[in-house]
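All chains are identified by letter, namely A, B and C, in their written order; residue positions are counted from 1 within each chain.
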Amino acid sequence: MRTSEPSTFPRNAWYVAAMAAEVQDKPLGRQICNARMVFYRAQQGQIACVEDFCPHRGAPLSLGRVCEGKLVCGYHGLEMGCDGRVIAMPGQRVRGFPAIKSYAVEERYGFIWVWPGDREQADAALIPPLHWHANPEWAYGGGLFHIQADYRLMVDNLMDLTHETYVHAASIGQAEIDETPCKTEVHGETEVVTSRFMHDIPAPPFWQMALRSNGLADDVKVDRWQICRFTPPSHVLIEVGVAHAGKGGYAAEDAHKVYSVVVDFITPETEDSMWYFWGMARKFNPGDAAVTEQIRAGQHKIFSEDLEMLERQQRNLAEHPERQLLKLSIDAGGVQSRKLIAQWIDREQPVQRPAAAQA
Amino acid sequence: MRTSEPSTFPRNAWYVAAMAAEVQDKPLGRQICNARMVFYRAQQGQIACVEDFCPHRGAPLSLGRVCEGKLVCGYHGLEMGCDGRVIAMPGQRVRGFPAIKSYAVEERYGFIWVWPGDREQADAALIPPLHWHANPEWAYGGGLFHIQADYRLMVDNLMDLTHETYVHAASIGQAEIDETPCKTEVHGETEVVTSRFMHDIPAPPFWQMALRSNGLADDVKVDRWQICRFTPPSHVLIEVGVAHAGKGGYAAEDAHKVYSVVVDFITPETEDSMWYFWGMARKFNPGDAAVTEQIRAGQHKIFSEDLEMLERQQRNLAEHPERQLLKLSIDAGGVQSRKLIAQWIDREQPVQRPAAAQA
Amino acid sequence: MRTSEPSTFPRNAWYVAAMAAEVQDKPLGRQICNARMVFYRAQQGQIACVEDFCPHRGAPLSLGRVCEGKLVCGYHGLEMGCDGRVIAMPGQRVRGFPAIKSYAVEERYGFIWVWPGDREQADAALIPPLHWHANPEWAYGGGLFHIQADYRLMVDNLMDLTHETYVHAASIGQAEIDETPCKTEVHGETEVVTSRFMHDIPAPPFWQMALRSNGLADDVKVDRWQICRFTPPSHVLIEVGVAHAGKGGYAAEDAHKVYSVVVDFITPETEDSMWYFWGMARKFNPGDAAVTEQIRAGQHKIFSEDLEMLERQQRNLAEHPERQLLKLSIDAGGVQSRKLIAQWIDREQPVQRPAAAQA
């Protein structure tokens, strides 16, 4: 961990660490907020997370195996408990063995959530509710990218969807996004909302597909909305949809519209790299797995377009740390989100100091 | 840019940035003399070059597109002018936007030339004339390599062709090169010439092919010449050829000889990497595209042999910066060329200081 | 070379630099103890080793060729002698040329051995005897890995074979290794021995194969032994074998046992990378080349399993230099071996200081 630089992410917060399906029989090693962690399923499949560092000789526990709910080091067989205390080691008395760090971890809504900071403060009630999960009226599909860029560049990206016109011109972009002003609101220390409502416009290819998929005409004018909600530390949920024009737009009855939520969980790996969990929850045609896969493949392509842009933007910014970038009205969503992030980091400074002394 | 080290290349000079064909519809990003640049075709196909850095959020403009002669950022649609000033941005007033750096750039002789330093001093008349370009009696073919080595190692390489005997033994090398002394002359601050004339020797495989290609016997003794001309900052043009022995050598009539010019434009990317534009202009059989391709493929192979040598030489030298290398008579061409480079760097110091303060 | 850090390896010692078959007609470049060396065969096939650095322009001599026992630089033809003095260079008087470093080097037992330190102290009698070499009752097969880890992690690995139970569960591992205590002895400054004797246990798959291969029943209980001998700087020879239970174990007559020596020569490349020469000398079925190849392939697979573990252990330790690792009884072999290494390093400090000043 680079302790000389100010942190760029809060630690006392829930981050998505993995998709639940990533952690099955084998342990999963993943670096989050600069900490190398290992995730595994302990007794009764319950998720557990400790440092990926065997206290015996420093081997990564993620190269080991899980045996009757205990994490067994793959080098010399040390058995680790989910509290970071050693359970046993062949031929050794382990009472005096040093413990390693364990992390608060929860499995919820199909994701593994981790709290990298002080586990005493970890309250599972703070995990944001994902109401569509396990709801038969909704379907979900998604994926994961590793991106070599500061996670806040992805927050900026998602809180300003004007980039769709340029980066995603062939799928969801259209000139009307640029031409329609957006509005940004900040709700205390917990939410930033940037919204844009477009009226009486053609539907771009993605939404034409969605209309057809829902049995609606795809060749008529629509009203379109984008409501980006940032919540700290780095979650962005975007309500998106179109309704046949004049039917009430965002408030139209279900029979006249298609809508979904773009799901973005952005987890810092280090100061300049991230894990990007992306997906879409939709409330149309939920039983059609082919549509789920088609959307997932489409999103994969769309977010790949962002990936190169962000990595090269990161390189440009790293080479010119002295340059002040413009903060235009379209950037308000990202600017306000970064302010909340900074507040959260500031807020935890006194809390984190003693914790760091223990580590 | 590493400002703590003394520069190893002049900036107020014309460098080859690209082959003209590399810049078509799409912008081309390329780092030259430590500066990231983007090249594109503005109005009427005219070449333009600005920093590869969007003043909005630092995105690389080279990921964007060219639209009616304007460079459009691929992230949020900012329109950049070829003078580095912002033309427009959707929904924004751009008058107060900061400008980025623009560069003097010229398209000439099938190459794009850039002047990385003070554009006020850039005079297109200083671009070296390539008389064979667009001349039906000549043909040209060439290519581009990226090499992880100080560009001056390539100048050394080309100004001492004794290495041909060892590195290129199967094509153009022959023992007689080593055995024949070379002569090096310096012409003021503008040229170093190293020349070697060999008499009554067998022709190596490349020149046998050239003789045959020109309808001349390939199994008789020849006179052979190599005249390497270095001009700052880093251009090396080498007159090479053979004539049937006793017909006057370099001065023989065209009916008795084959000759060409090896073209080497060596452009620093950083202090320890370079773009190497290589090619051959020949005055025999100019209409035969198959010969052009055969020579191009042969040069590609020959220069690939140099590439590994230079990259590993660079690594060795970087590990032993304290060692003084030998400067033998065969090295005089490189030694004198480096002196001219150093003079050019020194000369521009007072000019560059205020420019650096602005950057 | 990083001179600011204390060395982690002695230099006045014989290391294995290559398998003899690696050095044939062409020179071989290899970095050992931070020094780039080139190995080649001089007059009468005699092995020679000098710095991989041409005193003319710093080119790596390993890109050159060997011509009548002389090492010829592949760049400009300088001829290097095996004492590091220049023999000749085309068209040049070489008397004043600086010499490069030459190294004491020996070919013995199918390996090339090098002494990276003061060549005056290099005594070939100090090369450890490998009695099985060229002995028709024995057969040998082996290979080479490059591993990105401190070479001492491999010494630890080999001096504590409890890891076999976990890392190599499918071939040579078995729970009885863990359950049987080992004993570690230190013999002055020259040897550490860790031994483990197991009685009346099933034979794991590798040893079943060996028993069958030697015409012995593979489905009966066996006595098994592992005797790991570390000798500085970093050689580990492990006597391993099984005898039918109750026939005397390690001391049983040949008719009742199969045994072999696991050969491990571990050569530092840099402080955090190594060359790992591994193999097995066996005293059963020596004439059967198919068995040699089967064992070699099996060892290749087994040691590949160690490789990832060590490289990731190295990364973990580099990230946490402040952590004190546990030193359990099973670690005694590695702990004592490291003590000998440290003594050897200390011992050569006064010798090395003037040598470093010359370099």
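Methods note: a contact is a pair of C-beta atoms (placed from the backbone, for glycine too) under 8 Å apart; a residue touches a chain by one contact, two chains touch by 3 or more.
Computed from a predicted structure; not experimentally measured.
S.K.: What is the size of the turn, to the nearest 5°, that moves the C-alpha atoms of chain A onto the matching ones in chain B?
M.R.: About 120 degrees of rotation relates the two copies.
S.K.: Between copies chain B and chain C, are the contact residues mostly the same numbers or mostly different, with half as the line?
M.R.: Mostly different residues: under half of the interface numbers shared.
S.K.: In angstrom, rounded to a whole number, how far apart do the mean CA points of chain B and chain C lie?
M.R.: Taking the mean C-alpha position of each chain, the two centres sit 47 Å apart.
S.K.: Going by the touch rule set out above, which residues of chain B reach two or more other chains?
M.R.: Chain B, residues with two or more chain partners: not present.
S.K.: Quick one: in the complex, what on chain C touches chain A?
M.R.: Residue list for chain C touching chain A: 156, 160, 162-163, 165-167, 178-179, 181, 308-309, 312-313, 315-317, 319-320, 323, 325-326, 328-331.
S.K.: In the complex formed with chain A, which residues of chain B make contact?
M.R.: 1, 36, 52-53, 55-60, 63-64, 72-77, 89-92, 97-98
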